Amino acid sequence: MSGATTWQRLRDDAAARTAGAVLGAVILAALFAPWLAPFDPTVQPDPVSLRLLAPTPTHPMGTDAFSRDVLSRLLHGARISLGVAAGAMLLSVVLGTTLGALAAVIGGWVDAVVSGLVDVLIAMPRLLVVIALVATFGALSPGWLVLLIGGSGWLTTARIVRAEFRDHLQRDYVLAARALGASRRRIIWRHLLPAVAPQIGVAAALALAAVIPLEAALSFVGLGVQPPMPSWGNILMDGTDYLTTAWWLVVFPVTAIALTVGAALVLADRLRVAIAGGERTP
Amino acid sequence: MTALLELRHLTVEYAARDRRAPAVDDLSLAISRGETLALVGESGCGKTSVGRAILRLLEPTAGSILFDGEDVRTMRGDVLQRFRRRAQVVFQDPNASLDPRMRIGEIVREGIDIHALMPRPKAELRVAHLLEEVGLPASTAARFPHECSGGERQRIAIARALAVEPEFLILDEAVSALDVLVRQQVLQLLATLQSRRKLTYLFIAHDLAVVERVATRVAVMHRGRLVECAPTRQLFSAPAADATRALLAAIPRIPWETRASGEGR
Amino acid sequence: MTALLQVEGLCVSVAHPGNSDPVSLLRDVRFALSPGETVGVLGASGSGKTTLALALMGLLPRDFTATGAVHFDGHELLSLSEGARRSLRARRISIVFQEPLTALNPRQRIGAQVAEVARAHGERNATRAHRLAVEMLSRTGLDDADERAHRFPHEVSGGERQRALLAMALLLDPALLIADEPTSALDVTVQAQVLQLLRAQQRERGMALLLVSHDLGVIATTCARTIVLHEGHVIEDTPTRQLLAAPEQPQSRALVDAVRPPEPAP
């Protein structure tokens, strides 16, 4: 009854498929932004007569205060926002997985250091720490944003991976591999990582959901991606000045952020359900 | 009679919250080549810790484990890898002892791969032979553990252990989770393999009724200590220790011939 | 003698989403059980014995279909509403399962879980329900039941968990207890104690017992009659002594031989 793997169960889940499709569409839109965008996102064709136009067939999402096409800015902004988010997510997941795995497999002082670090850092509110750092060093390039956001986000992944690894290390199939003389490296790559991959997937989806609003928040308060380079956060920031007169400047970027974060959260949730489905006894 | 394995004053302690709890307490025992020594006791008596200490899956606190004259505890590098090929294990729960994400072929091949015993095409042929030797069709290699029954999985675990050509096999409650019919078939298989491959078995079990059919000698553990070790027949007819008598009493008394023997078994 | 339980032509099948044909798990099962009778259901794994236990309790998963008739205590169980069935469970018909760890709620104290049974069946007073639970726990042989009642399932041994499950099953004095492999997850020494407890409770209460097991050793020491299941069919229904002496079917003989000592008893 529990024959299917976690990934197969996820694929058979309608909600997960929808969330995956939304996320996929956003990623494709970001990748092909230069071809999809009808206008140059930074060009200001006529700051007087084309300023703050409501959505029309030519400008499906209207124009902003500098007469730039909002759709084109959102598409290009997706490249920056998703790029930073994906980079930061990848960094935090790789860092978290590596440190969590080493802590579990090596144990001893490595475990003590990693666990201690996690316990201390996890108590700090992430947004405040990031804002404090940015405030000290000034506004950051996307590359630094990735390092900063990613470097501060590995804690939960490390904790999950450490706990899961420790659990699997005690299971008979890992003991059998050790009795056969398997090296630590082999046990990690052949047995433990495939076993824990779904949980890492959940951590990654949650990290993505956390990182997109974080980048947006930083850009929103002017500490993240700097204009004229568009990101979802600074497009939203520009829009809030005209909240009462030009709704499209706020509604569309908010929708983009909400859809992407929502899809990531749904995916994380469905993956968790798929994992639990495999642990039920047949 | 030469001992293949000799345990001298083996002690295993677990660090419990505030004190050191001995799981195995000063245990000395020798296993001769070709015999089946059963190690029995209630759960928690330390018998599983003995098996794991022999395989270096846990670190004993004191004592020595001599395998063919060499101390397993001090083995390093190549010497340890050679020992890993000579001593293998089959665990109790075939659901837990096979990696659910690997195909049977990969599982059985793992030891061959680890020790780089032969190139891939030859290894696959070897896997097919091993599967047939344990009574499974070679086509099983393409399946996943969840597509096999409990008895098949235990045969697979045996094939995996045999792949590195061991001479010593620890059977850690290897038939306890199996249904009586399947248990009998697996015991039969183990007996065949033992005579064909000249294997030495350490048969860890909690059930004396199973042990009676397979063991040459029986060692009884109670609270980490060895309380009795005797040839099987003798242990059953004249148990010396209280723990042994308790285990014997736990065997269900099936009323075979009621008129002839009454209550006795 | 009127039967307490009468199973007639019971068929159970399950539809797998992939396959077009439903798979038959029980085919035309029929037997009867008198009040106070002890009957074993013997079968290898896959013979349908657990399906039978679940079908009698009305606990089959939703994708299972049961046809035929199960008369129990004046009711036809298969056509009974879920609510009516629920009121029979624990009060008139109870079950204990193989794995005492998963059958208990890990986040609830043992005493509270036993008391819950009383409360679900009308005991309003919490103190009284708790007292009843502790009393039952001590009757099922739990040492220091007062203290054990406050522990969580993972804080006691497997044997103690099985005793707690038995306390829940017996609390309301059912007419029939179904025990599905109650000792398969236990050590032999603990198994012997639990079986002894089961026998003592059965005698004391005069309740009927249906003991499901793959191990004739377990059944032979407890049940006067044995039903042998094979691939969903009842292939033998006979006094246990007779089964031991002369099994009629080859499949029964295999199950008997599996527990026979290696040589004639000395």
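We just call them A, B and C in the order they show up, numbering each chain from 1.
The rule we apply is simple: a contact is a pair of C-beta atoms (placed from the backbone, for glycine too) under 8 Å apart; a residue touches a chain by one contact, two chains touch by 3 or more.
It should be emphasised that the depicted structure is a prediction, and the values quoted were computed from it without experimental measurement.
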Reaching chain C from chain A through chains that touch each other, fewest steps: 2
Longest centre-to-centre distance from chain B, chain (CA-based): A
Dominant chain pairing [most C-beta pairs in contact]: B-C
Euclidean distance of C-alpha centroids - chain A vs chain C, Å: 51
Distance from chain B to chain A - Cα centre to Cα centre, in angstrom: 48
Whole-Å gap between the CA centroids of chain B and chain C: 32
Contacting residues of chain B [partner chain A, same complex]: 52, 55, 57, 80-81, 84-85, 87-89, 91-93, 96-102, 110-111, 114-115, 146-147, 157, 160, 164
Contact footprint of chain B on chain A as seen in their complex: 2-3, 5, 171-173, 175-183, 186, 190-191, 194-195
Chain B residues touching chain C - in the complex, by the definition given at the top: 42-43, 149-150, 179-184, 206-209, 212-213, 237, 246-247, 249-258, 261, 264-265
Partner chain B, residues of chain C touching it in the complex: 44-46, 158, 187-192, 195, 214-218, 220-221, 241, 244-245, 254-255, 257-262, 265-266
